[in-house]
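One structure, as structure tokens, below. Some questions next.
We call the chains A, B, C and D, going by the order they appear; numbering starts again at 1 in every chain.
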Amino acid sequence: MQTVGTLGNEVIISRFQSIRSQTETICKPLLTEDYVVQPIADVSPPKWHLGHTSWFFETMILKRFYKGYKIFDPAFNYIFNSYYESIGDRLLRTDRGNLSRPSVHQVFEYREYVNRHINELLTGKLDLETLTFLEIGLQHEQQHQELLITDIKYILGHNPLFPVYAAKKKQDTGFISADIHFLEIPEGVYEVGFNNGGFYFDNEKPVHKKYIQKFKVMDRLITNRKYLQFMNEGGYRNFSFWLSDGWEAIQSQGWKAPFYWMEKDGVWHEYTLSGLKKVNPDEPVTHISFYEAEAFANWSGKRLLTEFEWEVAVNFLKPEIRKGNFIESGNFHPVPSSGNNRQFFGDVWEWTYSAYHPYPGYRRAEGPLGEYNGKFMIGQLVLRGGSCATPVSHFRTTYRNFFQPDKRWQFTGIRLAENY
Amino acid sequence: MQTVGTLGNEVIISRFQSIRSQTETICKPLLTEDYVVQPIADVSPPKWHLGHTSWFFETMILKRFYKGYKIFDPAFNYIFNSYYESIGDRLLRTDRGNLSRPSVHQVFEYREYVNRHINELLTGKLDLETLTFLEIGLQHEQQHQELLITDIKYILGHNPLFPVYAAKKKQDTGFISADIHFLEIPEGVYEVGFNNGGFYFDNEKPVHKKYIQKFKVMDRLITNRKYLQFMNEGGYRNFSFWLSDGWEAIQSQGWKAPFYWMEKDGVWHEYTLSGLKKVNPDEPVTHISFYEAEAFANWSGKRLLTEFEWEVAVNFLKPEIRKGNFIESGNFHPVPSSGNNRQFFGDVWEWTYSAYHPYPGYRRAEGPLGEYNGKFMIGQLVLRGGSCATPVSHFRTTYRNFFQPDKRWQFTGIRLAENY
Amino acid sequence: MQTVGTLGNEVIISRFQSIRSQTETICKPLLTEDYVVQPIADVSPPKWHLGHTSWFFETMILKRFYKGYKIFDPAFNYIFNSYYESIGDRLLRTDRGNLSRPSVHQVFEYREYVNRHINELLTGKLDLETLTFLEIGLQHEQQHQELLITDIKYILGHNPLFPVYAAKKKQDTGFISADIHFLEIPEGVYEVGFNNGGFYFDNEKPVHKKYIQKFKVMDRLITNRKYLQFMNEGGYRNFSFWLSDGWEAIQSQGWKAPFYWMEKDGVWHEYTLSGLKKVNPDEPVTHISFYEAEAFANWSGKRLLTEFEWEVAVNFLKPEIRKGNFIESGNFHPVPSSGNNRQFFGDVWEWTYSAYHPYPGYRRAEGPLGEYNGKFMIGQLVLRGGSCATPVSHFRTTYRNFFQPDKRWQFTGIRLAENY
Amino acid sequence: MQTVGTLGNEVIISRFQSIRSQTETICKPLLTEDYVVQPIADVSPPKWHLGHTSWFFETMILKRFYKGYKIFDPAFNYIFNSYYESIGDRLLRTDRGNLSRPSVHQVFEYREYVNRHINELLTGKLDLETLTFLEIGLQHEQQHQELLITDIKYILGHNPLFPVYAAKKKQDTGFISADIHFLEIPEGVYEVGFNNGGFYFDNEKPVHKKYIQKFKVMDRLITNRKYLQFMNEGGYRNFSFWLSDGWEAIQSQGWKAPFYWMEKDGVWHEYTLSGLKKVNPDEPVTHISFYEAEAFANWSGKRLLTEFEWEVAVNFLKPEIRKGNFIESGNFHPVPSSGNNRQFFGDVWEWTYSAYHPYPGYRRAEGPLGEYNGKFMIGQLVLRGGSCATPVSHFRTTYRNFFQPDKRWQFTGIRLAENY
């Protein structure tokens, strides 16, 4: 489903080792107990992520391309298959947190076993198909790195002891929340979709043309300060700002603030991976649903972007992706905007008002890869831009992330546009 | 939210009387008991439709524009408000079928009372605002005429006695299911959205430009014959055709055929408003969910249209809407295609693969009319073309109907496209 | 399962006609619409009661004992079978209110058809088995008369228009709520269970011995006055009075008063079959769950009776059952105690703290009658004494009514005991 | 609520240490991961049991009787309070398995801390109240020892890897499944309830008289052989054996065999704490619900005992409780009956057809102890006899265990009686 460059084996070996070990680095601060629990269906136990990503390499590569490969444990296919109907029966998603075995130790043995065999495979001559699947395996591993961060946050952040995952970095002193400016984007027929070299997911293709009406877009994310104003002015109590489904969600769920926020003695706090702290008004608001983002936009008299507007706007900038606040920065949280950072990359995934649907001419691949993206193209919205939990090397400006409109446990945020 | 023409009062009076009495004509075949029940939340009791449409005229027009108007019964606001948060508390939707009172007789008295006062209002000079609301009330009434037909079908079709609503018309003898041809639509930037005179809903606006890739579209709807082939070739058993949510829906609901179909002694029958009958292979398939439509398209190696492709394609034809099989034909069921009817209008609403989202520049109106369309713009898909239960005078080529992807009780169907 | 006296045919004919027509009398005040709805699973539509009781005679008697009997409509077995696994598939209980057909008119035709054939059967010589089933059919009909009253009350009492079923009788003026006295019951081995002539249900047998510790029992039911005191003193807010399941029920259901009570401008009102009225402090409290009765007892420092204590206590009195406030009195509501009425009979069913379990030596009958009582002997509590909705000729001192501890729509109430 | 003997401090210290360390011995075979999960609401994570029993000592004894006691961690009250409304807010029961912290290590530190302080307290002079609460704490600890065994079994037995908890002991060779005999119990007025010295729970009091009809009782438990016959003869398919609620349970749950049974290649296996093994026909059947026990009894043409019949029957024997198969035997599973073991004690808890209701004259204690037993006296059935997971020193012939009729994860079994 995606092409792969012509890298030498050494580059691939080094990339494989670095990405696989990065996953384990993410888990370093965890106690054994933290690897096991699944407080809600969306959140998988960290040991499941570790096993599942190994299972992906075993199933998609070793079983197919490593001659004479001996499966580590036949029972693991049942346990670590996520959603591939084409690869047999699997554990109910909601049962992942009910399994105390395999132990964390066994799961790490499984990783080592798979790594060793992949490394052996990588010493030989590799055909294009193997390389392609390897690359997909690595991209898949990086997706689970982001999920590990957000799932660990859920697990620790819903514990009454509020454990710290990583001490806060000092770096955000000196940041200045700059004034908001609007970038003007002229109307026209633009090309969207992936058309560079390198890796892409099938959902970014085919490249195609879009007619875009002229619009203006904020060069900053919405901050907690602004969001608190929305809250204080009755944002959660006035139905006229809300989509009907959103209004129903906040009633039935009792939402009155972003996820992870709690009021203590009249002061809003939020759980971060550095522990419970006062809400910083200069940071971008995060952990909000699409419903909240859209209601906030209505309250503001502005609107969310479409995914195509986002992509076109970014192409007008010089994308300096590497300057974004991605996982490598070690913040594990969005940071206030500095003077010249427009925050399009990293920090928070930006909800767009675009359904996650196929691009014109898209067709699902045959076999398990056809289940990777295509079968989820209903009922979800596209998010753009990457977050503080995304590996920067995993990100592209054409990247389409997608979630249901009520999800709040990812690092999600808001950018607004208006017509002119 | 919508303009209204400059019709003389007489025209309006006549239009008001004819549309209001049409609603009652639809209910003529019912027994008192049929007016009361609500077998699922989606299906409202006919007496509720009768009351709610009257409440709409009372609330939106009489209370505001008829000086000295005396409300028929203050309790009715609670009972007959559908979903207007701005107009106070209301009965839970699921409780509509739990109310034996007001009686059918009282509801008809309520209609008469409202009609009498509207007629009185219509004898005077009417300003544009009143006329606009009157027109909305009539359009609203027509929407409920379609819902009355589909809800009555649900009520009678889920009764083990399978009562007949209207005897079948003889007209479909002589019809010939013609060969399918593909119409070729060239690429280009097209204008979509409402830009004629007359009534429109706010969701059809603003007119805006869309870039459309070239494509080919079938000049026929998918028939029962073709759908039976899909079923017989394992369509409902092969997950690779299905969206993930669709596959889950057919497992959990046990769907194996269109709604209203049942197998008797090895022969597929379907409940129609003329009673239970053998499935006619030449009729367009109907009462299928978006999930089924999309899976069928995958099985066919083709795809659904977007709502914009549909609108553009139709503009290439000479829209002869009035020839479509609408409610006025009295079939209450889709009919086989004859030689020169491309079935774009009437028969069945065609599922598109377009999310029901706002057009660029759309803004919700203030007040209750802002709740009419805008707040539903999430989680639903657009359907185009009208059905055998739609009043023809209610339909336009820019009309956007919308439902969640799992709904099956409307007259929904399939048209396919492919790239070229 | 129960013996039957040796009555002449005429007596039986007259009894049959009178009981069957009594059911129709109960339905007289209803509009057609009232016959149809089922607001909760426990409450059946009145037309279903009318059909089901006819179905019982058709199935248990006509099909078996009337030679050449032609079934009225074969589809009715599916519709009107309540819970008899031995008599084939049946409609889901929760779907009874979804059926607009058969119409009320058809159901009455069905009744007439069944009545005519039973009357024909009664002109011939009847064997004991037929007579036994006839008697069961009549007792069954009387049980549904009580359910009709309570179900009609639910249907009308949950309608925002609060329709009146029957105008209030003037009779309760002049009643005096007498002082409470305690009757002392000595310890001993007593016989309990049915051992007179006449009809009984199998659950009242076998007669057997019980050792009863000495106790004292109130000669009055608990009044609204006393229950209001419980409410005002925080009865619903102090968990220490409550069984764990009860506490959970009042939390999750939001119960703060008896069923049918509502506060209007600071004054407690209750819906009665004569309409909404102020709570009369002298009337026995009714429409309370077992949980509430038991919590009230704890608050009082007293306790509920067991079913055996109730039966033994009553045997010490001269049971003057006919003086009780049963359905024949036309009150359709409990009335204040007069000087010499100890209220053991009629007014309200008294919750006992006895599980509805089989008496020693009880065995279920074979066939459908074995499903009548025996299969419900788990998870329910026994109620004794009859209510204002019970036909007096249906009642006996050994009668065991039974409901789950959270049910509130029957006329249920409280009598207390204490040890001495 | 219960008296306590006049034991010297040394005896108490030794008893405290031995029972507390026994709990830890039970957990020895666990991996850290096994301590954390909660696959269903009924099953608590082992680390929760360890924390909760320590919390009980801390809350009921140290906080009240140890002057200057410093609470280990104030957050633990929220986490380890099970159901005591009187001791403040608490974690939702269903969230116990969502907490990775406190870690297992911390929970053991908590135990040590509490143990150390209790030991300090035990060196001083103790008044009767302190001693009473200490004894309750130890009895409570023993109850959780049984729950630990059954919850560990659930956790391991629902893991697709079926881990072994303890290797099977060889002891059951040589056992002979003896013929069943019936013991005849004469009618009469008997005393039931606790009236020896030593510890008792308040629900075993007051001693009171019961009239018992004569009956015969099996001197053996029902074996797997007999239960397989029930299964093979359609026991789970014939509604006539079942209570209505039981029939509904087996339909909705899909039960076709005891819990932990699974068919592999046509042979019935069951998970035991020694791993998955073939069903041994000579062992007592276990892990069945009351519904199944009662249906089995009906199929047999016999019946279950009441709790009073059980107690009276046992008093006719020379209770040799210590010979029973309790937890100390190390089997963790019921064993076949040998020639002279009537299996009244240990092996499996025997379902009785007696509701768990208060004995005559019972009153709940004030304060938290009042929540220990009394508030659960509804909706549950009494089980008698102890099981292979019960500490023998915790058991008495008057002991009343209680569970809802659908529970299957405890070691529950069947003994039958009949009238004569």
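The definition used in the following text is that contacts are C-beta pairs under 8 Å (C-beta built on N, C-alpha and C of every residue); 3 or more make two chains touch, one makes a residue touch a chain.
Given the structure is predicted, the values throughout are model-derived calculations rather than measurements.
Novice: Stepping chain to touching chain, what's the minimum from chain B to chain D?
Specialist: 2
Novice: Would you mind naming the chains that touch chain B and likewise touch chain C?
Specialist: Neighbours common to chain B and chain C are absent.
Novice: Measuring between Cα centroids, which chain is at the maximum distance from chain A?
Specialist: Ranked by distance of C-alpha centres from chain A, the top chain is C.
Novice: Report the inter-chain centroid distance for chain A and chain B in whole angstrom, where each centroid is the mean of the CA atoms.
Specialist: Here chain A and chain B have centroids separated by 38 Å.
Novice: Which integer distance in Å separates the CA centroid of chain A from that of chain C?
Specialist: Taking the average C-alpha coordinate of chain A and of chain C, the gap between them is 60 Å.
Novice: Measuring centre to centre with CA averages, how many angstrom lie between chain A and chain D?
Specialist: Their C-alpha centroids are separated by 47 Å.
Novice: Give the residues of chain C touching no fewer than two other chains, as numbers and ranges.
Specialist: Not one residue in chain C touches at least two other chains.
Novice: Considering the complex alone, what residue numbers of chain A touch chain B?
Specialist: The touching residues are 83, 85-86, 189, 208-211, 213, 239-240, 242-247, 290-291, 294, 298, 353-355, 357-358, 360-361, 364, 366, 370-371, 375-379, 405, 419.
Novice: Name, in rising order, each residue of chain A that touches chain D in their complex.
Specialist: Residues 31-39, 47, 75, 78-79, 91, 95, 97-104, 155-156, 158-161, 163 of chain A touch chain D in their complex.
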